[in-house]
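Same chain, two partners: chain A is paired with chain B first, then with chain C.
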Partner chain A sequence: MSDSVMNLDGQEVSFEKGETVLEVARRQGTFVPTLCWDERLDPYGSCRLCVVEVEGRRMPASSCTLHAEKGMVVRTGSEKLRRMQSTLVEMVLSENPDDECPRCRDLGSCELHDLATEFKVGRNRFLGATSNASKDDSNPFLLRDYDRCISCYRCVRICDEVEADHAITMTGRGWNKGIATAFDGLLMGSECTLCGQCIYTCPTGALADKKMVHQGSIPGEVEVTRSVCPYCGTGCSINLHSRDGKMIGVTPVLDGPVNEGALCVKGQFGFDFVNSEDRLTMPLIRKEGELTSVSWDEALDYTSARFKSIRADHGPKAFYAIASGRAPGEGAYMLQKFTRAVMNSNQVDNCSRG
Partner chain B sequence: MKTGIEVKDPVTTGILDRLMDQPAPFLEVLHAIQDHHGYLSEPALRLVAERFQIPISDLYGTVTFYHFFQLEPKPLPDIRICENSACCLHDLDAISKEVVDADLGVAHSGQVEKISCPGRCDMPVPILIGEKFFHHARAGAIDNMTAATMPLPPQTGLEECLFRDIRDGIGSLEGARSHGAWQSPKLAASDPQEVLSQLKESGLTGRGGAGFPTGIKWDAVRNESRGPKYIVCNADESEVGCFKDRLLMAHSPHAMLEGMACAGLVTGAEIGIVYLRWEYPEILESLQVAIDEATAAGLLGEDACGTGRPFRIVIRRGAGAYICGEETSLLNSLEGKHPFPREKPPFPTTHGLFDLPTVVNNVETFCAVPAILEKGGAWFNGLGLGDHAGTRVFSVSGDISRPGNYEVPVGTSLRELLETHAGGTPDGKTIQGVTMAGISGGFVGAADLDVALDPASLTDLGAMLGAGGIIVHDETRCMIQAARESMHFLAQESCGKCFPCRIGTVRVTELLDELIEHSSGNPVIRANPLEELADLEEVLEETSACGLGMAAPFITRTLKKYWPDVVQNYIDGQKTSNPANPRKGDSGE
Partner chain C sequence: MLCVGTNMTECHPIIAVRVKKAVRKGAKLYVVDPRKIPLTEYATGHLPLQLGSDVALFNAMANVIIQEGLADLDYIENRTEGFEQLKTHLESFTPEYAEGVTGVPAELIRECAIAYGSAERAGIYYTLGITEHICGVANVQSLCNLALITGNLGKSSAGINPLRGQNNIQGAGDCGALPNNYPGFQSVEDPASQAKFEKAYGVPMDPVKGITKIAALDHAVDGRVKAMWICGENTLVTDPDVKHTTRALESLDFLVVQDMFLTDTAKKADVVFPAAAFTEVDGFFTNSDRRVQRLRQAAVAPGEAKPDWWIIAEVAKRMGTEVDFEYASSEEVFDELASLSPIYEGLNYDRIESGDLAWPVPDLDHPGTPVLHEDEFLNGKGKLQLLEYKPPSENPDEEYPFYLTTGRRLPTYHSNTMTGRSIGFRILVPNEWLEVHPADAEKLELEDGDWAKIRSRRGDVTTRVAITKTSPRGTMFMSFAFPEDTMTNDITNPDVDPITETPEFKVAAVEVTRVEAPVGFGAEPALRASPGRDH
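Up next is the complex of A and B:
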């Protein structure tokens, strides 16, 4: 046997050094449920949903923390494992409030409810005390409804391990655990940069995009369009979420080559201008000191005439163009092309470069 | 970053300056600050975070994990009363009232807080005000808590190891040396292989409950090339019903220190750390005296016992958290990390304190080492009955005539321990059952009292020997209530990291509460409580990340095994078992 072959559900499968059994299984397309796992984070082993049977071990092991070893014989998905996973999902559901999570309506299903659907279980058994840990946080972007928290600590870990902001922490012990900033203050008073990574990794509706949550009344399905964030030169890959042609939110893209799922506060939340009522929808020309709406033909004729005369009178170097980070990438491209090819100037810039 | 510190707190800065170079100073620093200021203020914690290079949020979260760190100033201490299995056999509400009104000569807030077992089950009910313990022996009698009760003389013909000289004043260095203490470290330095071979021959296994062979553990650490290595003594005896380590540390501290020194000299570690539970303030004092005496006599220090090798011992005080008795939680706690258990493997022998090779042993384990090295591994091994090796100390409490600690040969029957040694129930009542391992090992019912006290025999019954605590319940006790109290403790002390334990221990507590309430006429909400219980037991045992959750099902499974009719009657709503008092705990939160 090769040094890097193990047996997964009766199949010989190869693995790479350092790979966990969960990673091997997922690569094979094997269904292994998880709630505390996020590929960007160190293995944590708290939800225990990913348990597998390992030959030679008396008890199942959490596959997210189990490194693949030569000759290891692992079984996923036995009847017993499925029963225990199903019980665990039911137990987790029992922690949450007994109402329909409004986030499902606004944001689509979450990981927890996907698992509930997969295991065909609901909030019927193991009923008792619920989390009751909602926090009133006045920040404009991040909803913190810890009533729906399942204490996987993905938010804490992404804030520590990926963002290195260390804004939030796990508090208390056992059932009385919680998630808080230092001294339990508001996010705005902490090291939080409102980057939104915590809401993106949250497997339930406990953390959510406040702005997106309230868009549920807009009819139609959520449409997702992949794009690149225009705000700065980093070039983070983003998904633009829209309903009925109206943009409702931005999320980072995990396989974005630059950001690998990260995003900053501007990229994630700074898109109010898109649907702003203050946006110009008609060209304006100042006539006798007053900005006056004009037709596109008039505006283009006027501009073209002025550009030509400026270039004739003062040369191409009199022309300088700067594109806005809020304009689409295509617009920025056209502007530099125009500046160089038409105005013969190299003086072109974009506020995103700064 | 907001620091909020305009003027540096000179006291905290002084504490940090003084302690930062000490081994594993984290807990010591926090205690020193709290002792001085009365609480851990935000500016002080920000200074600590800065010096330890811990994010302030993480430090805050870690501090909130423990029972006894305070984040707010409190002019007067609350009255703390044990609520767990042995003590809740008494009327805690009445005792609370009595304590509030009593003149104890100690100022308090008048507020009563129920706390987890402070390890004084032989002297129920312990009352803690500030750091002073009182003992409510009976109505109208609240006294100062005395030192750990000396064990009774052994039964005729019974040879002891740990207790053999304990009644002869070996608490002081002088007394200990007059009985031959502090001889073994020389052997450990000159012939470590001999020490290992004696330990292996002795059959000594970890007395904290896990039962790993001590000689093999030390050998593994000795063979590790990385260093510095550490010796850690787990004195975080927090299991309900266990108070043997408190006794050993009170009356035989030099045996423990000597055992640690041997471990250091065998493995090449130069520092030993005693992780002492917060609830043993009197031990903190007396053990420090013992360490100071041994250090002054050159037994510890740069040239430990004249071996030319350094070994010193420091005490680090816990802050109230049962889970810190789990060895990897304990190590995280010492390091200043969130005290969740670590994933194993790797084990502490290779990746222990600060990720370095570490021996972690229980107090009793270390205490047994000097005698084994003096009299030989074969001698200790031969103390056990039949094939069993050695002796063990059991803490017996509850409905028993002579509560206390007993050292008996491994393999002694439970009945002999309870009836011959501990005198049976005080008033001739029948024993209905006992808790094992403290409480987390489940129950043994009356039918099986002849079981031999060795790990395998208890496992065969579906229970666990564990750390040797036994709480006796007589015929008048309600065993469902007893199970509920045990599970409630585990729910209170679950660290909260892994889902099955965090949710499961609370749900089982609630389920038992529901059955108890049902017997008083309240409806059972669950359609099928026994099926829910079985499912919870299964995930607790098989998917929990550490021993706390894994052990929890012992309680309910043995409850159902020994008292199936009682359980069924509760489900049917007819209370048949009569609780001795009308105590009614709060729900699982």
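Up next is the complex of A and C:
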């Protein structure tokens, strides 16, 4: 047997050095449920849903913290494991309020309720105390409803491991557990930069995006299109959520080569400008002092005639073009081609000097 | 890591994440910035230099590195020229001399130089705090000297890394939107490049380079430039000395502005073209580390807004040109660009799908070039520069006793055209404010929340005051995100670096006086950006 082969559900599978059993199983397309796991975070092993049976071990082990080893024999989906996982989901669900889940409303589903459906568990025999830890937090972006918190601490860990902000931490024990800023204040005024990445790792409705259009309750297909953030020069990968040709939200691309799944407040929340009421929708020409809507034909004919006459009267250097450092590159290329090949000069620059 | 003139946590937050993670893994971080920016909290040392004294500081650091025997003599021998002259030139730049100019204690300069010089890999990261000075080029060259004498160029986790302030400012230059270069930085004065583009476009090329945008605004005032086409830039708000810019734009016979919004600049135009947003087109942006990344259309442009390239091609066609401006898609535009630019030649829309490739990518099998200058520099050897310290063009005097420096704040991007229209951002930062050190506030009898008039040789603006130790004594700070209330660039300094013609946005001398709150405003404390703490 080669150095990096293990046995997973009766199949010989190879693995990379350092890979966990969960990663190997997911790569094989094997169903292993998780709640505290996020591909961007270090393994945590708190939800225990990813348990597997390992030959030679008496107790099931959490596969997210178990490194694959040569010759290891692992079973993932036995009836006993499924019973354990189902019971765990049932217990977690019993703490969660029964009303509408904000995440299911916003994104159409959430990890917890997807698992509840998978294991066919609903309101159940463990119903009882809940944490009543909801926070009234007046900020424009994040809804904090810790009644729905299941203590996976993905929010705390993403703030620490992915954003390096350390703005929130875990407090308390048992029913008094909670997620708090330093001195338990509001997010605004704390170390929190409102990047919103805790929202997009949360597996329940404990954190929600106040700005996200409620995708769960609207008809029509939500399309997700990969693109790049239009703000600074970092070049973070983002997913654009749209429906019927209209932008409705943004999420980070988890494996974006630059951001590695992180975003800042602008990259996460700064996109309403595209749907702004005051977007320009028609070409304008100044007529009797006022900018007036005209057809494309009129605007293009007028502009080309004016450029032609200025070149004829004053020569090529009387024209100057400034390309955008914000807009897609194809426009910058075209403007330099226009300047050099049509206006016959090198009178072109972009906004890099000021 | 040496971070210079870069308020990364506010202006490049995700690059700051990488820096913070590296610090956590044990990397040393030195921050060189006049202000006590948030990044200083993660730093091994903070060097709070006087505005514009960078050359004195970095010359002194180079001096220490040489004196302490930390220079990489093999690298210097093989890869650089002018070391002996530099060594002599730097003799007078002692840390004690630099302390007098920069205000940074000589011991701290020594410590930072030794840390940089003895690191196996040391990277320099800078933003506009280095370039927006009358000596911007010298500032960059003084950093180059440091990297060259320590062999920190041409390997990963090292080098000199300018963090580009705008998403596609690198791409716009790559595309040839520069007065001296065709696409791919091919010189317009090089006969072979001229011949290449004459063949490609089928018309003669002008063999003389153009003027910069900054000079073009001067030429508009004196009548040599009659027509301008401005795409996606709010020039009126973002250039220094707004009065001058206004005069320039108003002097034109014909101004065309292409934008998503009727910006202050567009309001001056004779023709306004409605541009599609980045969500409404296919295309590319090139980022700070030269990654060419794909944009994909996700939404439909409002009304009759169109992609930038389409508008320009249509105007060209209607001018009766014989040059080919027929394109069926943005992909065809990209393919033409790639065919004419050696650094993009190996790229197409399929290859930029995941954004893994950094240019140069000379052919279709090339894996990209994440690290430049590994074996050799473009022009052979790295030339060490003999640089002199040159003070800013304006310095405090009796009439204008304070320095003013400008920059961005995390939730307000540039002139706020995009962030200001996004729900919630006006709650985070509702207005402009002037950062004043407590000692200066006491002298000026200013309380937090008071209003002040800030006057320079160009004009004056009025805004709220926030008392904070972020800015050092004698230096005030403002952003330029609220032009409707506070036109910060009315007072900034238009003097430029002689080579790049980049204005000295970072230094102006100002007078500050307390004024009564404008009608309708009470004396409540200044509203500040909540994300990120005050210092």
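What we mean here is this: the second predicted complex is superposed on the first by the 263 of 354 C-alpha atoms of A that agree within 3 Å, B and C clash if a C-alpha of one lies under 4 Å from a C-alpha of the other, contacts with A are read in each partner's own complex, and residues count from 1 in each chain.
Basically, contacts are C-beta pairs under 8 Å (C-beta built on N, C-alpha and C of every residue); 3 or more make two chains touch, one makes a residue touch a chain.
Owing to the predicted nature of the structure, the values given are computational and were not obtained by experimental measurement.
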Quiz item: Given the touch rule stated above, what does A:334 touch, chain B (first), chain C (second), both, or neither?
Solution: second
Exercise. Would you check which partner chain A:33 touches, where first means chain B only, second means chain C only, and both and neither mean what they say?
Key: neither
Quiz item: Does the superposition put A:236 against chain B (first), chain C (second), both, or neither?
Solution: second
Quiz item: Can A:261 be said to touch chain B (first), chain C (second), both, or neither?
Solution: neither
Self-check item: Which of chain B and chain C A:205 touches, first, second, both or neither
Solution: neither
Practice problem: Please work out whether A:271 is in contact with chain B alone, chain C alone, both, or neither, and reply first, second, both or neither. | Solution: second
Quiz item: Should A:189 be classified as contacting the first partner (chain B), the second (chain C), both, or neither?
Solution: both
Practice problem: Classify the contacts of A:249 with the two partner chains as first (chain B alone), second (chain C alone), both, or neither. | Solution: neither
Quiz item: More chain A residues touched by chain B or by chain C?
Solution: C
Exercise. Please write out, lowest number first, the residues of chain A touched by both chain B and chain C across the two complexes.
Key: 189-191
Practice problem: Name, in rising order, each residue of chain A that touches chain C in their complex. | Solution: 139-141, 162-164, 188-195, 210-211, 223, 225-237, 240-242, 245-247, 256-259, 262-267, 269-274, 276, 278-286, 291, 296, 299-304, 306-308, 310, 313-314, 316-342, 344-354
Quiz item: Any idea which chain B residues touch chain A in the complex?
Solution: 1-2, 42, 55-62, 64-65, 71, 321, 323, 338, 343, 491-500, 502-507, 510-511, 525-526, 532, 535-536, 538-539, 541-545, 550, 587-589
Practice problem: Over in the complex, which chain A residues touch chain B? Could you list them? | Solution: 35, 43, 45-49, 51, 59-60, 62, 65, 83-84, 87-88, 91-92, 94-95, 125-129, 150-151, 160, 166-177, 180-184, 189-191
